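In what follows, structures are represented as C-alpha cells.
Each of the next two complexes has chain A plus one other chain: chain B in the first, chain C in the second.
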Partner chain A sequence: MIVVELVKMLRRPRTWVTIGMLNALPTLVAVLLALTDLGPRPGTGPAFLSAVLTDGTLFPLAALAIVLPFLLPIAVAVFSGDAIAGEAAAGTLRYMVIRPVGRTTLLVAKLVSVIAFVLLAVLVVAATAYVMGTLLLGDQTGATTSVSGTSLSATQISGRTALSIGYVVLSMLGVAAIALFLSTVTDSSLGAALGALGVLVASSLLFTLDAAAALQPYLPTRYWLSFVDLFRDPILWRDVVRGVVLQGVYVAVFLGASWANFTTKDITS
Partner chain B sequence: MIHTRSLTKRYGPVLAVDSVDLDVRKGDIYGFLGANGSGKTTTVRMLLGLVLATSGGIELLGRPIPGAAREVLPQVGSLVEGPAAYGHLSGRANLSLFDAMGVGGRRRTRQQRIDEVLEQVGLTEVGRRPVKAYSLGMRQRLGLAAALLRSPRLLVLDEPTNGLDPQGIREIRELLLQLHATGTTVFLSSHLLAEVEQLCTRVGVLDRGRLVLQEELAVLQAPTGRTFVRTPDPDRAQALLDGRVESRDGRQLLVRGTDAAQINAQLVAAGVRVDELGPERRTLEQVVLEATEQAPVGSSRP
Partner chain C sequence: MTPQRRWFLVGVGVLLLIAIPVAVRSLPATESDVTAADLLAKVQASGSVRYSGYAEAVGGLQLPVTDRFSDLATLLGERTRLRVWWRSPESWRVDAIGLTGETDLIRDLGGLATWEYEAARVTFTADAPVRLPRTADLVPAVLGRQLLGEAESDEVARLPAERVAGRDVPGLRLTPRDPQTTIDHVDAWVDPQTGLVLRVEVYGAGTSPVMSTSFRSLSTEAPALSEGTFTPPPGAEVRVEEAVDIAAAADQFAPVRPPGTLVGLDRRPSEGVGAVGDYGRGVTRLVAIPLWDDAADPLRDQLETTPGARVGRRGTVVTVGPLGLMLTPNRFETPNWLLAGTVSRQTLARAAAELEGAARVLQ
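Entry: the complex of A and B
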C-alpha cells in the first residue's frame, strides 16, 4: 500500500509543479544576487544570504531559509490536507477502504507519502540551490566561514547541512500532522489545507507578540529557523533540541488524533 | 451470503436504517429496492464496513463485518454510489493501482486480469486513455471492471446501470447473468423496478429505513387466483360470468378462478368475442406499491 501511495504521489503532475514552484523563488534570488551583487547586510534578511555572495556552496542553506517560513509549509499543508479529504472528494476513498485497505494502513501510507514528498522537495531545493549557487555565485574552495565567524571544513559543512535538512523535514512533519488530522475531519482538501495554514499564521503572529510570551515556547513555528544554530561554532544545541521535542509532540498528538478519528469514522463520501 | 440481524443506523435523531434483517442466499440475484433516501446506500455501506452500524450484526460470506473485513472483502466486488477513479491516469493504470491496494491482488496475474475485465465490460479500446476523457457510461463500466478484478464470489452493486444508454444497460444485464451462471451471487441495489424485474430472483424492499418485503420474485409474481379477460363485449361477458367477475375496468374484467381455458370455452360458446385472456399476475410495481403504501416509489423506465 505504501508503494501504491508513493507511485500515486510521484505520478501526479501536481507534485512536480509544486516542487518546480518551490525552486523558482531561490533560483530567482540567486539570479538577482549574481546580477546585482547586492546582498543583504550581515544580520539582516534570510539567514546565510549575506554569506552566499562570497561562497555559493552555502546557497542551499539560504534557499532552505527562503522557502521554510512560507512556501514550504504551504506546499506541505496542501499535500497533507489533500491526503484523505482529496480521496474522499474524488470518491476513491470508499473504494480503497472496501478493497480492503485497513484504515490504519491507509493513514500510514498517506503519511509516508507526505514525508517522502517533503524529503523530495527539500532535497530538490537544496540540490538545485547548490547548482545555482556554485554556477552563479562562485565556489569558494577551502574552508567556509561559520555563522560565528570561525571556519568550517567541507566535511563539517556537509554533515551539518544533512542535519539541517533532517531538522527542516521534521518541522514540516508538524505541519503535515496538523493538516492530516484536519483532512480526516473534513471532506474538503481546501478546508484542511487552509485550516493548517491558519494555525501557522496564528502561530507566526503570536510569535511576534510580547503579550503572548508565555505561549511562545509551545508555538509550532517557534523553532523552525533554529537550524541556523547548527552552523554556529560550537553548535548551539539548545533550540534545536527544543525544536525536535516540540515537533515530536505535535506530530504524536495530531497523528494520534487523526488515527482515532479516521478509524472510527463513517465514510459517507 | 449476506445476513443481517436487526441492522440499525441512526444519524442523530434520524433513523436511517431500522432493524433490517437481510437474507441473501448463495446463487441469488437479489434486487434491493427502495426510493431515494430510503436507506439503501447506507445499508450497502454498512455491509462493506464503510459505515459502522449503530446496532445489529452483519455477516458477509459467513463472517462478521466489520471484524473480518480483511478476509471477506477481497472476495467481494462492489460498486458504491457511482464509480470513482483518478482522472489523470488511464483506465488500465487505475485498475492496476486499485488491484495493488490492500490484500488479495496477485501481481503476477494482474495484467492478465485487467485485460480480462476490460474486455468483459467492453473498455478494451479505451483502456489507455486518461479517465478524465471518459463519458459517464465509460466510468461506470470502469467501476464494474474494478469490482470484477478479483473474480469475486459476491457482487454488491449500487445502481450499476446509472448513466448507461439502453444498449449499455443490456450489455451489463447480460454480463451479470453470465457471471451469475458461473456461480457469482449478485446483490443489486436499485430504484429501477424494470431492471430488477428483468434480472432478479429475489427482492427486498426498503421503505423509510425498514425492510417491508423480502421474497422470491416468482412467489411475488405467482398467479393471483384470478383470470383477466379483455373483450369487446364486456357487458355480455359480465352477464354470462355473473357473480364471478370481481372488477371491471373498461373492456377488461377480472374473473375469479384460475382455469382460463374453461372461462374461454364458456365465453366463446355463448358467442362472446375474446381479445385476450390469461391468469392474472401482479407486476413488481404493484407489489412494491402495496408494500410501501405510498405514492410511486420510483420510475419504471426501461
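Entry: the complex of A and C
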C-alpha cells in the first residue's frame, strides 16, 4: 500500500509542477541578485540573503528561508489536504477501503506519501538553490562566516545545512498533519487545504501581537525560522529543540485525531 | 475499538501533553531564609562572578527619538534576545539575537568590537566610560548590579522566591527613597550563591513593569570565550571609529563642562573627558548631553511632534513612562542640552534652568 501511494505521488504531474513552482521564486531571486548585486537592507529580507552575495554556497539556506513562510506551507497544505478528501471527491475512497487493507494502513500510506513529498520538495529546492547559487553568485574559497562572525569549515556548513533541511521538513510535517486531519473531516480537498492555511495565517498573525505573548510558544509557525540558529557559533539549540518538540506534538495530536476520525468515519463517496 | 474509545485515547493524550508542562511549571519555588540586606550585599559583591547564558528583555517605552538614537529606542521599546558570555567587566561578549541575524558586542583587550552579520561589518572603538545604554546593559546580572549597586539596606525588602532559569531564587524589592525619582520600585530575583541577579523588573507609576529582563538559561561555569581580540571574518567591512555613540562623542569633543551638582543631584565620578554630566544615585539618574545642532535640530522636531510634548521657554519636554527627556532651545553660542533621566518634568525644567547659568563653555 505504501509503495503504491509513493509511486502514485511520484507519477503525478502535479507533484512535479508544484516542486517546479517552489523552485521558481528562489531561482528568480538568485538571477536578480546576480544581475544587480543588491542585497536587502539589514533586518529586512529573508535570512542569509545578504550573505549569499559573497558566498553562493549559502543560497540553499536563503532559498529555504524564501519558501518557508508561504510557498512551502501552501504546497504542503494542498498536497496533504488532498490525501483523503481528494480520494473521496473523486469517488475512489469507498473502493480503497473495501480492499483487504485496513483504514489505519491506508492512513499510514497517505502519511508516508505526504512525508516523502515534503522531503522531496525541500531537497529539490535546496539542491537547485545550491547549483544556482554557486553558478550565479560564486563559490567562496575557504571558510564560511557564521552568523556570529566566526569561521565555519566546509564540513561544518554541510552538516548544519543537512540539519536545517531536516528541521524544515519536520516543521512542514506539522502543517501536513493539520491538513491530513481536515482531509479526513471533509470531502473537499480545497476545504482541507484552506483550513490548514487558515490555521497558519492565524498563527503568523498572533506571532506579531504582543497581547498574544502567552500563546506564542505554542503557535505552529513560532519556531519555523529557528534553523538560522544552527548557523550561530556556538549553535543556539534552545529554539531548535523547542521547534522539534512543538512540531512533534502537533504531528502526534493531529495524526491521532486523523486516526480516530478516519477509522470510524462513514465513507459515503 | 469503538469510536468513543479512540477519541477518548486521543483526548487523554492531548490532555497529558498540555497538563504535564503546566504542572511542572506551577510547582512552587523553594523559599530561602536569606535576609534582604544579605541578598543586597551578595549582589553588590557579584562583580567578579563569571557566567554565560541566554536572556530575554522586554521594554515598554516608546522613545520619540531620531535615527541617531534608534538603537536606544529599540533597546527600551522592544523585545531583545541576548546570549552572554561574561568573564569580567573587561572581557565579555553579548549577542543580540535577531530572527535573521545578530549584532554582537565583544569587549576584550582591544576595546569594543561590534559585529553586524547582515551588514557584514565590524566596528572597532575604544569602550567609552560615558555612552548611551547598549544591549549589554540589558543582561539581567548587569542591569541588576547597576540598579541595586548603590542601594542601601533600608531601601530593600524580601520578595517570595521564584523559579528563574531553572533555579529557585529569592526576590528583593528596592523602593528608592529619593523624592525626585520617577521609579516606583525595582523587583529583582537573585541567586543567593553567586549574587547574580537573574531577573529584574522596573516599575514606574503603573502596575506593569516598564522594563523587564530575565535569564532563561544560565551557567556559572567559566564561559567559553576566546582570549585576545575579535578577528574580523574574511570579506567583512572593517571600521575604526573614535567614539562608540553620540554621547561618547559629545563627552570627548564638546567644548563645555557641566556643573558638579544639578537639581541637588551630585555628579557621578567618571573616567570620561567630561562634557557629559551624569548625576544621581542608583535608580535616580539624570544625564546632560551637549548636542551639536545637526543632531539636536531633528531631535527637537521629533520631540515637538510627539503627543503630550510641552514646548516652553526652557525647551521641549516629553515624558515616556518614568523616563523624562528635555531638549533646550537652539540659542546662539550656547550648546543644545539633552537632559534625560528618571526624574519628573519639573525637575528637568529646573535642571535646564540651572545648566543655562552653570555650564561652562571652553574657549
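One rule holds for everything that comes next: the second predicted complex is superposed on the first by the 267 of 269 C-alpha atoms of A that agree within 3 Å, B and C clash if a C-alpha of one lies under 4 Å from a C-alpha of the other, contacts with A are read in each partner's own complex, and residues count from 1 in each chain.
The working rule: a residue touches a chain if its C-beta (ideal position, glycine included) is under 8 Å from a C-beta of that chain, and two chains touch if they have at least 3 such contacts.
Owing to the predicted nature of the structure, the values given are computational and were not obtained by experimental measurement.
J.: Check chain A with both chain B and chain C modelled on it and let me know: fit or clash.
T.: fit
J.: When the two structures are overlaid on chain A, which partner does A:Leu236 contact: first (chain B), second (chain C), both, or neither?
T.: In the superposition, A:Leu236 contacts chain C only.
J.: Which holds for A:Leu173: it touches chain B only (first), chain C only (second), both, or neither?
T.: In the superposition, A:Leu173 touches no partner, neither chain B nor chain C.
J.: Name the contact category of A:Ala126: first (chain B only), second (chain C only), both, or neither.
T.: Neither: A:Ala126 stays clear of chain B and chain C.
J.: Going by the contact rule set out at the top, does A:Thr264 touch chain B (first), chain C (second), both, or neither?
T.: So A:Thr264 meets both chain B and chain C here.
J.: On the superposed three-chain arrangement, identify whether chain B or chain C touches more chain A residues.
T.: Looking at chain B versus chain C, the one contacting more residues of chain A is C.
J.: Is A:Gly91 contacted by the first partner chain B, the second partner chain C, both or neither?
T.: First partner only.
J.: What is the contact status of A:Met1 with respect to chain B (first) and chain C (second): first, second, both, or neither?
T.: first
J.: Looking at A:Ala51 after the superposition, I want to know if it touches chain B, chain C, both of them or none. Which is it: first, second, both, neither?
T.: second
J.: Given the touch rule stated above, what does A:Ala62 touch, chain B (first), chain C (second), both, or neither?
T.: After superposing on A, A:Ala62 lies clear of both chain B and chain C.
J.: Could you tell me how near the closest CA atoms of chain B and chain C get once both structures are overlaid on the shared chain, in Å?
T.: Here the least C-alpha separation of chain B and chain C stands at 11 Å.
J.: Considering only the contact definition stated at the top, list the common interface residues of chain A for chain B and chain C.
T.: 264
J.: Any idea which chain A residues touch chain B in the complex?
T.: Chain A reaches chain B through residues 1, 3-4, 7-8, 11-13, 90-92, 94-102, 105, 264, 266-268.
J.: With touch defined as at the start, can you tell me which chain A residues reach chain C in the complex?
T.: Where chain A meets chain C, its residues are 40, 42-43, 45-48, 50-51, 54, 65, 140, 142-143, 145, 147-151, 225, 228-229, 232, 234, 236, 238, 249, 252-253, 256-257, 259-260, 263-264.
J.: Mind listing the chain C positions that touch chain A in their complex?
T.: 3, 6-7, 9-10, 13-14, 17, 54, 83, 95, 97-102, 104, 115-120, 122, 216-217, 224, 230, 232-236
J.: Residue numbers of chain B touching chain A in their complex, please.
T.: For this pair, the touching residues of chain B are 45, 48-52, 69-70, 73-74, 76, 78, 80-89, 93, 97-98, 100-104, 146.
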